[in-house]
Every structure is written in structure tokens, then in C-alpha cells.
Amino acid sequence: MNDFLSLLPLLIISSGAIILMLLAAFEKSRLETASYLSMGFFAVAFFVQLLVGCGPTIVIFNNVFNGMLAASNFTQAASLIILACGFFTAMTTHSYFKVNHFSSLEFYAIMMFGACGMLLLTLSQELITSFIALEIMSLAIYVLVGYNRSNVKAAEAVLKYLMLGAFAGAFFTMGTALIYGGVKSTKFVEIGAFCAANSATAPLILGGTFFIFVALLFKAAAFPFHAWVVDVYDGASTPVTGFMATALKTAIFTVFANFLAQNSGLHGSWVTFLFYISVLTMFGGNLIAIGQSNLKRMLAASGIVHSGYLLIALVAISTEHFTGSVIAYYLAAYAAGTLGMFAALAYLGGEGEKRCTFDDFKGLAKVRPYSAAAITVFLLSMAGIPPTAGFMGKFYVITSAIAADHMALAILGIVSSILSMWYYLRLIINMYFHKTEDTFETKESVFATACTFILVFCVFAIGIYPIVI
Amino acid sequence: MEHTVSYLGFIPLLPLIGAVVIGLLHMFTCRKTPLPEIFYGVLACVGPVLSFLLALVVFFQLKGLPAEERFLTHNVFTWFAVGDLHVDMGFLADPLSSLMLLFVTFIGSLIHIYSVGYMAGDENFGKFFSYLNLFLGSMLILVLGSGPVVMFVGWEGVGLCSYLLISFYSKETDNVIAGNKAFIVNRIGDLGFVLGMAFLFWAIGDLGFDYLSLKANVASIPPGVGLAVCLLLFIGACGKSAQIPLYVWLPDAMAGPTPVSALIHAATMVTAGVYMVARFSFLYAHYPVAGSVVAWVGILTALLAAIFGMFQKDIKKILAYSTVSQLGYMFAGVGVAAYSAGIFHVFTHAFFKALLFLGAGSVIYALHHEQDIWKMGGLKDKLPKTYWTMIIGAFALSGCPPFSGFFSKDEILFSALASGHTGIWLIGVLVAGMTAYYTFRMIFLVFHGKPRVQESFDHAHEPPAVMTVPLIILAVGALFAGFLNLPGIFGGNLNVSHWLAPSLSELHPHVSFWVELLAITTSVVAFAIGITIAFKKFGQGATEPEFTGFAKFGYHKFYVDEIYNAVFVQPYKAFGSVISRFLEPNVTDSHVKLSVWLYQKAGAAFKVFQIGYVRVYAIYMVIGLSLMSLFLSQTIN
Amino acid sequence: MFAEALFFGFAVLSVLGAIGLVLFRHPMNGAMSLVVTMISLAGLYALLSAKLIFALQLIVYAGAIMSLVLFIIMFLNIQDSDLPTEKGRWLYQLGGIIVILPIASFLIKIVKSIPGSEATIVGSGFGGVKEVGLVLFQDWLLPFEIVSILLLVALVGAVVLAGKRRMGK
Amino acid sequence: MIQDYLILSIILFCLGILGVITRRNVFSVFMSIELMLNAANLAFIAFSRLHESMDGHVLAMMVMAVAAAEAALALAVVILLHKHKSKLDTNIFSLLKG
Amino acid sequence: MFEYALSVMIFLPILAGLALFLFPFSGGASRITGFIVSIVVLFLGIELFLGFSGTGAMEYVESRAWIESLGIRYSLGVDGISLLVLMAGSILFPMVFTVFTTRTKGYYANLLIIQGAMIGAICATDMVLFYIFWEIMLLPVFFMIGIYGGPNRLPATLKITLYTISGSLLMLAGIVYVAVSYHDQFGKWTFDIVELSNLQLGGGMAVLAFFMFMIAFAIKIPLFPFHTWLPDAYTEAPSSTTFVLSAIMAKIGVYGVIRFVVPVFEIELARFAILLSLAGVVGMMYCGLAAIAQKDMKRMLAFSSASHMGIIALGVFCMNVQALTGCLFQIAAHATSTGVLFLFIGLMEERMQTRNIADFGGIAYRAPIFATFFAIAMLASVGLPGTSGFIGEFLIILGAIKFSGFIGFLAGTSLIVGVCYMLWMFQRVFFEKPGEGTEKFKDLTIPEALTFLPVILLIIGMGIFPQPFLKKIEPTAQLHIAEVSVMTKTVLADNALPIALDTLQKN
């Protein structure tokens, strides 16, 4: 029964997706109905997930699924974040599609399929399952990115994402093959057992993990696999970008942590590698972000930086008593800030996302003070200024890094955080300290603002009452 | 030993209260309906006079005690106590301070009274008296303070008041600059004072940081520290008492109203340095080296100021340099460990210098603020009271027996000789002659001969009684004060020396009668030569000479001000400009600017990599992969 | 012996096909050479006693997927002028080989380190439909199930991206 | 023996990479990725033979399924791109950059 | 009744400020609200001061679990170190609302939030809590300068914000390092400063962490050469913000060093004390020199403030009771004098629409009350005995002499440096012939005079009766210094000049 409960959110979302898909077949169904429905599904799934108490680790339906799925507090937290992201994205799209008419009902179905893949990804304890879940998620996101067919930029974005994603996926399969060759199994547990028994640096394991890391790092937009992310975020429509930036990253890092945490030998041998990757990711991301004038591109680049922080947390996870709390907390904090940011951009962007650069937001505070304040809160959270959630997230990451004797990493993380202040403040400065040039008239629904302000609340709530799992 | 008397604190407090009350009244009324001057005048004089009366009480109470127990203290409250440091806001009246107290309050009161007449009609009448009271109050704190820190309060207080009063006519930029100069130069000296206090504290101050405790523990001071303390304190004294190299502010201090000059030069401020050295005589007595430094600095200052004095044409400047010169004597006195002689000279000097300044004030008042002696002349008949009183003052200043100055100066020169400082003695004698010369040069030019500017001469008239009475009182003092301390050769009583003895750590070298006689004779001869030359040159009226050669050099005060300006002031300002124009934006801030610049450039450079071709992105990935695998293949053997 | 000769033949064919894919300018030619590679691979699977996969490779890959690709290529009616000129292709390919060499050497180093690579005799059931089916439905039920979701997403996605659509409201 | 299969797999995989990074034709790139997946499949089968377990066969089937799904989507994207520019050059699609 | 006084003092202004933001208040209503809130805080502060017993321990402690897994607590408390800083933060604030009367609600709301956050930073005894308030107080400053500042406000606000945040983020790493070391040594998580002071740190990492702390505080203080943000920020900020920055916020930097660096990094501090104190005195002289070349009055005062902060910071590095107590006292004294001076300049700017020194002249004749107040504040700032400025400076110089004769001498030059530019400015602005603009210069109105009078009286009162204040802070200073171990003292002695050394041995 417990096994079933753990799967229940996933089932709710997947059946919701199918229902919506079927609904799309009816001429009469309205887009708004679909958005309400998907909100409802996400909300129900969220609360179910919240109510499902979870022990340390449950292997779900061990007999039937052969130990390929496992739930823990960490996966529960991750799926909560993913479901919340889905919920808020659905809220955001509700008003976004009022001014941008390119959507159809399938949008929500595909989004929920994507969420489904993400949930599977968090639960999976086996490489090929992870791969399929990853592909479900990716394919859904590809479709969402390219959903606006009339927009050539979206098409370009989907091209880039699809090509590079499939390229990275090929590495994943090759890595799986090598691991299979080395271990004779693709389950995390058995890989861990093998590494414990033999050496974690056996050539096949080394090569296999390397290729798998490449694929995961690609999805996480780590250096040097980051180049796509800026263009794809730019090309995708704003709510999709928000969904991508938060939920997808959550799923990827969850599986990444699950994979690493099963396996102390593996973790130990890859720490140095991840160390350099995380440093390069943070600084590369900052350097890209500083030169951007488009907000979505800047946020994409800052997403790279945040991936760098998450990699710090990965470097620092202790395999002995892995709880993933630091990663989950950081993801939650990051998701709240980023989603809020994209939600605000989605309704402030106006028709066809005409307001998208830093300069377009000059003087926002004079005309729409509350929206400006909300954006400020999100930016500050992303920058890691107390008392927002972002600060506590960064604080945990640094604490875990120093506790794991990675002082250098902590300091580099902080330096990168300093660098990132630059572009976050730039937007605040534009909003507050410049003369108004635009009227910022928008036609958003109450959902968009509600979503933004709930997220403001979340940012503070997560920050002030950090429930560490 | 010590006796606590609770009224001691009132002596400085009374003028201070006066200052606050007058100040507030003036501040709130000056813009609308100023109060009548007489109101301020009375209010201003009450404090000093009452203080003087209290000082008399103190004096007689002390006198009633046995010589060793002549200490009256009053610790009003603990000022601050931190760790071992314990500073009381306390007052100490011993023979030394009581003597100072007496003449400071006495002369101060007279100057107050005189000022009522002198300042009549000034729009800032109230402000003036507020400052004047504050000045006197500060000086009394300085004198009465029970320890160096309390003394420092008065010390800085008089510095502040001198600033306020010198720049009193603040609409003229020069006056304000003179005030600034006084304050800043004093502050330089204060640095020495503070450092000296600090060293003193760390040496022995933890056992009690007042004079009596310090004196009791002076034996345990490490020798090096003690010497340093002496020299540092002397720097403070140099600043306050206008000694080389910090004397430059005093002549400029003439910018203030004349009674202020009188107050600064006679009763307050400049004597503080001498007083301080005498106060610390228990320390200086252990360090003859420090004493010699003091004495030499003093006598050289005396010489230098006398040279400058010979060539000045501003009546107040002449008097100012004479003060510097006399202060030099005093330091020579305390330097050769003749503390009582030094203090006695302070005492007599207070009378005749106040007299001379107030007299000069009368002249200036009579001539409508004319200060150039080459524009005066023949005023003897017009201003008889002023003339006669000033003559007395001049004799006293020049050291003519039996005027007060003679005895005190002679005592110093004699002590120098007796303690083996022959060089100091010789210079002292020379300066005595020069003093007589420039003093009487002034007297002759101002009062004798024919009027040089007829118009102002015609309008000149004797000032009112409120100004002349103080002159007369002071003249009496200048005439007879010397007899309070008749030296041994005249069958002397040495009253003052004996009175001061409990306060001072003085050595009395035994000397022969002949040495004493030699000293007196030479100084009388020097005086005679000086006055003769002055009479020859100026007695019958003379015209203003064109200064050439050394005279010009002397008139321009050896260009010391200019040198200071070029060596200290301008570089200071220039350095400030360099910092704010160049260093601050380009050097100190460079780390910030550089990092920002680098960051932006790097960002711009990184943009190039985001080329937009999907194939290129794949190439990035593969290059990264390839580098990593290159690295990883090292680990496979 | 025969097996080795077959392996060699298939290996050469598949590599040639792959090289053809990389080198041919026109995608049609590339697709054809890829088909060659895939068929050779099917042969290799057969050599490795993977009977089911051999069949699937021929049916799904060489058959279904490649014919889909070819269909699309023809559907789009690609003219020569539509194709990128790719002038510096040779240079790129040279550089690409240099860049890829470390990866290749890394992988080959890994493979070389595998001990005991001589193929043993396996039972006749190995790789058969029934046997693989048993493994699939016993041990690998979950991936099999979720592949259905994947295909569903691909289906809907392809329709959304390429198909006709009634615009939102 | 098995090593030879694996080396062949590696050669094909690297050729696939080469195709991806050197070609500008969308189809070629896409087919190169298919080639890489095929190389991985070969590795699966080879390892499967080595371990004498049939898990590798199942894994290869899964990869095929994924490849099919990806192919479907990729071809849809190709059609989408062709509608926009009637070209198959990836370099043409570089509006998003900087 | 005063059990929660500290929490109230922190959160009342913050909540009031947020309420002002969220609800439509008019500018006037916001000002009244701000004034009332600050008066409440003022009374709480005074009540707290009077009730403070001065035993050296923490008083008014509030401690509540917050983030249990890391031992982070919501813990507040006041001891001698924080008392006077807290007083500065609570007593001086109402002035802002009475002097600047015509601003919009955002202005007052920001000020309220600054006050709450500053009090929070002062009272927090948990390092993380401190850090949080420390960062929060910067944000309103950022907005104040950016929205209400002068013409070059953008670079100025960016500079101060980025500069300070850089420092404080480094400090965050330091904080975490300290807590992690504590966890390694004692096996439990805590960020409480009292417990962390038991820590024995050593090695290169400790030095690194020490510098992270020091850089953060050095930037905030600001210590040479990290002061370069200051002139721009002080000049461009609206006067109320400059007041807050100079009077209180800079002091929190010094306070932070005393509170967090001295107990934890005593050995590192002793090792680098000579370097740091040199930075202090060099900064004092450098900024003092720079001040004299300024044409803008506010900029001059900004440099002057930086110059004074150098001396105040020096008081910490000398590590003896006198210097430390002097430093703590001077924190409050300087807050009163410099803060008031900045407010005065704000007033002058409002009246004359210029800050250029050359545009002024002869104000003393037009506005005697103003001139007198200004002069008193100025004299306090140059450390004249009888004003609040003297006691602290004297104690610091005294302590510095013990620490090192050379440093003491350099510190003493502050007596001279300060006077030079202050008198120069006073001459140009208040004396000399009245300029065109100053002819109509209005004297302080009665409300204004009543606003400033208490502070002016405080300046004089603190100069004449410092003991009631010192008595409350000195025990803590004693304790603080006593905790500095013998080893540290020997390290210190290595730096001292021989002349100070033999006095040291004697004690």
C-alpha cells in the first residue's frame, strides 16, 4: 500500500496528462479549462505527495519493478518541487496565453507528461529507466520549447535543444553500455556494490560514469556543455523557460545525487572532476550573464551559475548519511525565485514578449510598484541576499562544502556569487532608478499576479522557516 | 596631608557659568534686540571677580597650614575610569597653583573691566565676553586641575578660546586664518602633551593619575620613559607658550581685540607651558638633560624673538615678540631647574605685560585702531595716564631695577650662571639689552617726539576711567611685585620661592656672593646700553627707515612663516590634492576599477563564444569531452 | 573461422557505411549508407547470437526508422540548392578527427582492459524471442511500461510540431 | 573476439560524433546520432554476449524504442524548420546568439 | 515587561516600514508613523540603557530555536559592547523624521527598515542572525541612494552595494568555517558567539577565515584601503542616509570586529594587529589629507568620517582595556558628532541648494544658533576635551601607545589632521564675508533647534560625565580582554616597541 501511495502522485499526473490529451480531441474544450484542470491535477498530486509519509527509503514494488524505483524523503522533496513548478507554470500560462495565441490543449498534456518523466527520473534507481524517463522529460520539453510554431526562434531553439540533447543522450546510452559491460547490471545499488567490492576506477566503470555524467551535466547546463541553454531559454516561451529552468533541473540533480550517493567509491573518485566542473560552470555562467541584455538570456546564464552551486553541493554530499537536504533545499529556493521571476516576466512581457531586455523594464517601479517589488525579491533570492530563500540555500551549500573540507570551493562559490550580484542588481537599478518609458499595460489574469505573490511569500517562507528534510 | 575643600571647583566654574549664560543670551538675542552692553559687562565681570575672591580665600587657607601640608583638593566626580586608568574631575590648590590662581584671576578681572570700555559699541559685545569668560575659566581649570588630564581640558580650552577670540573679527579672512593657525599650532603641541601623558600613564599612572600620586611614584619610572615624557610634554609647552619651533602663532594672534592679546600674553594661555613644566618639576628635576633642552630652547627663542622685536613696526607685534622673548627667559629658568624663578617671572611678567598691552590698547583706542608706531608720536601729553603707566611697564619689561621685571629676570640669569649654563647666561644678558632697546624704541616712537600723523593725533584723547583704572592698578603691581621675592643680595626675603618650595622639586645651588653680584651688574649694564642706544636713535623723533640687509631679514622674521608655509602647509595641501585627485581615483581605487574592468571585458569576450551555431556548441562539448578523456586516460594503466 | 570472416565483412561494411554517412553531401546518399551500416550491424547481432535483436534491427531500424527518414527526405523534396554548401567540410573533418582521437583512444584503452574476451559457447536459447521476452517481462517490466509513455509523448509531440493545429482559445 | 566488436562499436560511435560536429545538414546530423545509438546497441549486445546474460538485449530494445521516438520528433522538427526557411542548414538557424 | 524589548525594537520598525510600502500612505502620514515608531524605539532604548546593570554579561537575552539542524538560534542580547552602539541606533533616529519633512513614503519606509535591521545586527548574538540583519540593512541603503540620491547616484550605489556585499559574502564563508570547526571540535552545531569563543583555531585556514571576516568589516568600517566606496556613497546619498551610514552603520563594522573577531580569532588578530592598526592610522591620515582638498562639504565630511573610523578601528586592534573601552565609547561619541554634522549639511543643502564650500560664507552672522550647534558638533568631532569626542580618542591613543609607540604617535596625529580641514571648512562656511546666497540663510527653526538640542547636550554631557556610560561598558571590555589568552599577549608584545615593552612587563 505504501508502495502504491508513493507512486500515486506519478499516477495522478500521468492519468491527468492522458485525460487532457483526450480532452484535446473535443472541439468544444477551452484552453482555460485545460489550464484549470492541470492546475488541479498538480495541486492534488502535490498534496498527495505532501501527505504521503515516507520512511528513509522505500523500494517501490520490489517484486514487480525489480527494484528500479525507490522513494525517499529526498525524492519526495524533489517531486514536491516539481509538482509545485508544474502548478505555478500552469498558473502562469493561464494569463500568458491570453496575449500569446499559439497554444492548444495539448500544451498542458505535454507539460504533464514532462512532469511525469521528471517524477520518474527522481524515483528511478536504474540507468535505462533513468534514460527513458530522461527522454520522456526531454521530448516533452522539446515539444514545449517549439510549441510556438510560427516563431522561428522557437524552432531554432528546439533544433538546438533536440540535436544537442539527442547527442548527449547517445553518450548516456554508451555510458550505460560500458557500465553494463563492467557490472553486468545497470542498477545503482549493484553498481555501488560492485564499486565497493572492486575498484571504482575500473576502466569500464570510469568510462561509463564519465559518459553518463556528460549527459547529466549537459542537461544541468554545466560547463562546457552549457552553450545551448542560453539560446534555448531565449527561444522558448517564458512559462516554458520557467518550467524548464526549475523542474527539469530539479529532476536532473535528483537523479544525479541518487546516482552518486549510492556509491561512495564513485563519489570519491569523481570529486575532483566535479570540483573543476562546478568552478568552471559558475564562472562561465557569470561571464555569459554579464554580457547579456536580454532578460531571459541573463536568467539562463544565471541558471548556469546556479547549476554550479548545485554541483558544489554534489561535491559535498556525504555518502554516509545521504539525505540530499542541501540539494533539495537549494533547488526549492532556486525554483521559487526563478519561477517567480519567469511568472512576472510572463505577464509583464506583454504580447509576443515584446518587453524582454533590461532596458524595457526601466522605471517599472514607478508604474507597477508591487510587481517591481516582487521581481526585486526574486532577484535578491537568486543573488542570495537574506532573508530570502536563496540566501539559506547558498548558506547550506557553503556549509556543506566547508564541512566536507572544500574551503576553496566555498570561497570560489562566494566569489561567483559576488560576480552574480552585478547583473541581478542591474535589473533592480533599471526598475527603480530610471525614468519610466513604458506604460506597462498588460492584460494579465488574476492568476498571474497571484502566482507571483504566492511565490514571493514562498521565497520568504522557505527562507525564514527552512524545513530541512 | 591633603585637605578637601569643596569650593575649589567654583573657581573655574564661575567664569564658565558666566560664559554659558552670556553666550546663550547673546545667541538668542543678537538677531533681534540686543541686550544693553552694561548688562553683559556686569555679568561678565562677576565671575572673574568672585573667582579672585575665592582665590584669596584659598591663598589664606593655605597660608594657615604648615608648609608641608599646603594641599587643598576637591575631587568633584570621577571623570572617567577605565581599567587602571582613573581620572577624577578634581582640583588641587597648592602653593604653586594658588600663586597662579591669584594673578590669573586678578589680572583677568582687570582685563574684563578694561574690556567693558574697550569693546563698547561692538555688535558682538556679548559674544566677546562669553568667550573671555570661557577663556578665563579654561585657564583656571588648567591651573587648578589635579592631574594632567584635567589640565589638558583647560589646556585645550584655552587653545579653543584663543582660536575664537583671535578670529573674533571673523569677517576678515586674515583674522580667521590667524585663529586657525593658533589652534593648529597649539594642536601640534598638544600631540606632544597627549603622547607624554600616555607614556607617563603606562609608566606610573596606573597607581594614580594625579600630580600627588605621580610625584609619590616618580622614582619607579623607567629612565628612558621618563626622559621621553619630559621631552614630549615640553613639545606641548612649546606649542602653548610659543617656543621654537612653534612660536609662529603668537605674533599673528594680534588679530584679536587688544584685551584678548593682554589676556593671552599676560594671564592665560602662554604662561601655561611654563606652569606645566613647573608642575612636572618632580619629573624634570630627575632629568637634567631634558632641563637643558628646555633651557636652550627657551633662551634661543628669547634671542630670536628679541631680534624680531627690534624691527617690528606694529605696536602689538613688538609686544608680542617681547612676550615670546620673555617666555624664553621663563623656560630658561625652569630649564635650569630654577622653577621658582621661572614662575616668579611669570608672575611679574603678567603684571607688566598686561599693563603694556592694555596701555597699547589705550593708544590704539585713542588713535582709532592705528597700530603702526611709525604713525604715532608725541602722545605723551595727550595720554598722560597711559604714558606713565606704560613707562613703568617698559622699565619693568626691560629689567630696570627696582621694577618687578628686574628681580625676576635677574633671578633666572643668576640661576643659569650658578647652575653652570654659562652660554645661556651670556645670551640672556644680550637679550636683556636688546629688550631694553626695542621696548624703549617703542616708547620713544609712540610717546615722544612729534606727532607723525597730525590728524589722528588731534582726535586722540584719554580713554574712560573704566580703562585707565585697571592700567593704574597694574602699574602698581608692575612696580612693586618684584619686592615679593627679593634676592639674597638685597637681603632678600625670597618670599615667593619659599612659598612655592613645597610644590616644586627645586635645587638651590649654593653660590658665592660675587657670582650673584656679577649677574646683577651685567644685566643692569646691558639694560643701560640698550636704553641708551634706543634713546640715541629714537629719543628725539626719527623717521621710518627703509629696512635693508639684516634689518629687512629681521623685519620679515627671518622669513620663518614663509618657510613653514613652503615646507609644511603647502606640501600638506598639495598632498591632499594629490590624494583626492590622483591617488584616490587612480591608485587606491584601482583594485576595484581593475576588477570591474576585467570582469566586463571577460564578459564581452565570452559573448563571442555564444556564436549561435548548433554545430559549434556540439564542438564545444566534444572538445570538453576530449580534454577530459585525455585527462582520464592517464588514470587507466 | 567462418564467423571471423563474416565479422570482418560486416565490420568493414558497417564502417564504410558510417564513413559514407559522414562524407556524402546529400542526405539521401547518407541515409542509404546508414542503411548499409544497420544491416551489417544486424548481421553482427546475429553473429553474437542475438536473434531477437537481429530481427528487430532489421525490422525497426533498417526498416521502419530509416524508411521514415527516407520518406521525409523525399517528402521535403530537397533540391541541391537547399543543401548547405559545406565548403570547408574536409578541413572540419580533419580537425574533428583530431579532437575525437583522445576520446577514441580513451574508449579503446577501456576496451583493451577487459579480460577474457574470447566468446564462449552459449545455449541455443540465448537471445531467442521467448527467452528475451521472459527477461523483458520479468526483470524489465518498468522500462517497458514507461517506454509507452515515451512513445505517446513522441506521438503527440510530433503532431503538435508538424501537424495541423487549431489555434488556441 | 568480443573486444573486436567493442572496438567496432567505438569506431562507429566516433564516426557518429564526427558526423555531428562536422555536418551542417540537419539530416546528416540526425542520422549521425542514430549511428551513435547503434554503436551503443552493438556494445550492449557484445557485452550481453560476454556476460551471457540477456539483459543487454532488453537494453538494446529500449534504446531502439527511444531512438524511434526521438526520430519521430526529430523529423517533426525538420519539417517545422523546413516550413520556416526551406533550408536544412543548421547554420541558418542562428538568430539566437550572443 | 522588557523581556521582548529587543525584538520589539527590531521588528517594530521593520514591520512599520513594510506596512508603509504595502499600503497607500501619504508622505506626511509616513513621516508621522516613522516618527512615532522611532520614538517608541527611543524610549525602549533609554529604558534599556537605564535598566542595564553592566555586569559584563549578556542582558535582555532572548533565545529561541530556529534552525535546529544547524544549531542556528534566534538569540538576541545586549552587553557592554553593543550597548552604546544600540543607543546610537535608537536615540539618534527620531531626528531624521523631524529634520527631513517633505519626502515620500518610500523614503521614510526605507529608513525604518534600516533602523530595524541595524538594531537587529547589533543585538544578534548568533552569527547567522547577525549576518542576516547585516545584509538586510544594506538593501534599503541601496534603494535610498539609488532613488533619492544625488546626480551620480547610480555608480555610487552600485559601488557601495557590490563592495559591501562582496565583503560580507566572504564573511559568510568565514562564519561557516568557524561553525564547522566548532562542530569538528565539540561535536555539535552552533553559531552562538558565546560558545564559539571557546574555539581554538589555528593554521592557515584560520588565517584565511580571519581575513574573510576582517575584509567584510574593513569594508564596512571602512578601513584603508577599502574605503573607496565611501566618499561617493556618502556624497551621493540623501543626507538622512549619509547620517545613518556614518553614524551607525559604519560603527556596526567596528562592533562586528569586537564582537565576532576578537573572541574567535584572538591569535590571528594579535598576529596581524600591527598591520591592521597601521591600516587604521594610515587611513586616518590619508583620508584626513584628502578631506582638505575637497570642495564639496559633504564629501569633505565623508573623508573626515573615514578618517575617524580609522582611529576607532585602531582601538580594537590594540587589544587592551583602555583602547577597547575608548573605541566603544568613541563609537557612540562619533555617532553623535558626525551624524549631526551630516544632518546639518543636509539642512544647509536644503536651504542653499548647494554643498559647494565656496558658495557659503558668513553663515555665523545670519544663523548664530545653527553656527553654535555646528561648532559644538565640529569640536566634538575634532576631539576637544569637554565634548564627547575627547574621551574616546584619548583612551584609544593611550591604548595605542601601550600597543606600540609608533602606532600611538601616528594615532596622535589625528589631533592635528582633523583640526586642519575642519577649521578650514568652518572658516569658509561660517566666517568670512557673507556670500550672496547666505544673506538670506535661515537660522534653525524652533522645532529644528529642539530636535538637535538633545544631541548637542548629549555631546557635551558625554564629554563631561562619561563615567555613567563607561561604567556600563567597561566590565565587558575587561572580560573581553581577559579572554585574550597569554599566548596572544606574547604575540602582541613582539610588535610593541621596546619603550612600551618595559611598561608592559611592569603591568
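Lettered A, B, C, D and E in written order, each chain numbered from 1.
Please note the rule applied: contacts are C-beta pairs under 8 Å (C-beta built on N, C-alpha and C of every residue); 3 or more make two chains touch, one makes a residue touch a chain.
What you see is a predicted model, and the numbers here were worked out from it, not measured in a lab.
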| item | value |
| --- | --- |
| Those chains which touch subunit B and also touch subunit A | C, D, E |
| From subunit E, the most remote chain by mean C-alpha position | C |
| Greatest separation from subunit A - chain, by CA centre | B |
| Chain whose averaged C-alpha position falls nearest the assembly-wide average | E |
| A-E or B-C, whichever has more C-beta pairs in contact | A-E |
| Subunit A and subunit D, separation of their C-alpha mean positions in angstrom | 26 |
| Centre-to-centre distance between subunit D and subunit C (centres being mean Cα positions), rounded to whole Å | 6 |
| Inter-centroid spacing, subunit E versus subunit D (mean Cα positions, whole Å) | 65 |
| Centroid spacing, where centroids are CA-atom means, of subunit A and subunit C in whole angstrom | 31 |
| Multi-partner residues of subunit B (at least 2 other chains) | 607, 610, 612, 614, 618-619, 622-623, 625, 629, 632, 636 |
| Shared-contact residues (touching 2 or more other chains) in subunit A | 128, 132, 135, 139, 142-143, 146, 149, 158-160, 163, 167, 171, 178, 181, 203, 206-207, 230-231, 291-292, 422 |
| Overlap residues in subunit C, where contacts from two or more other chains coincide | 96, 99-100, 103, 106-107, 109-110, 113-114, 139-140, 143, 147, 150, 153-154, 157, 159, 161 |
| Chains grouped in pairs wherever the two touch, ordered by label | A-B, A-C, A-D, A-E, B-C, B-D, B-E, C-D |
| Subunit B-facing residues of subunit D, complex | 17, 20-24, 29, 90-91, 93-98 |
| Touching residues on subunit E, where the partner in the complex is subunit B | 159, 163, 224-225, 227-229, 231, 286, 289-294, 303, 320-322, 325-326, 362, 364-365, 368-369, 372, 379, 384-386, 390-391, 394-395, 397-398, 401-402, 405, 408-409, 412-413, 415-416, 419-420, 423-424, 427, 430-433, 443, 464-467, 470-471, 474, 477-478, 499-500, 502-504, 506-507 |
| Subunit A to subunit C touching residues, read off their complex | 14, 18, 21, 27, 30-31, 64-66, 68-69, 97, 101-107, 109-110, 113-114, 116-117, 120, 126, 128-129, 132-133, 135-136, 139-140, 142-143, 146-147, 149, 158, 178, 181, 203-204, 206-207 |
| Of all residues in subunit B, those that touch subunit E in their complex | 23, 26-28, 30-31, 77-85, 89, 149, 152-153, 155-157, 160, 163, 167, 170-171, 173, 176-177, 179-180, 183-184, 187-188, 190-191, 194-195, 197-199, 201-203, 206, 222, 224-225, 228, 572-573, 575-577, 579-581, 583-584, 588-589, 591-592 |
| Subunit A partner contacts - residues on subunit C that touch it in the complex | 106-107, 109-110, 113-114, 138-143, 146-147, 149-150, 152-154, 156-157, 159-161, 165-169 |
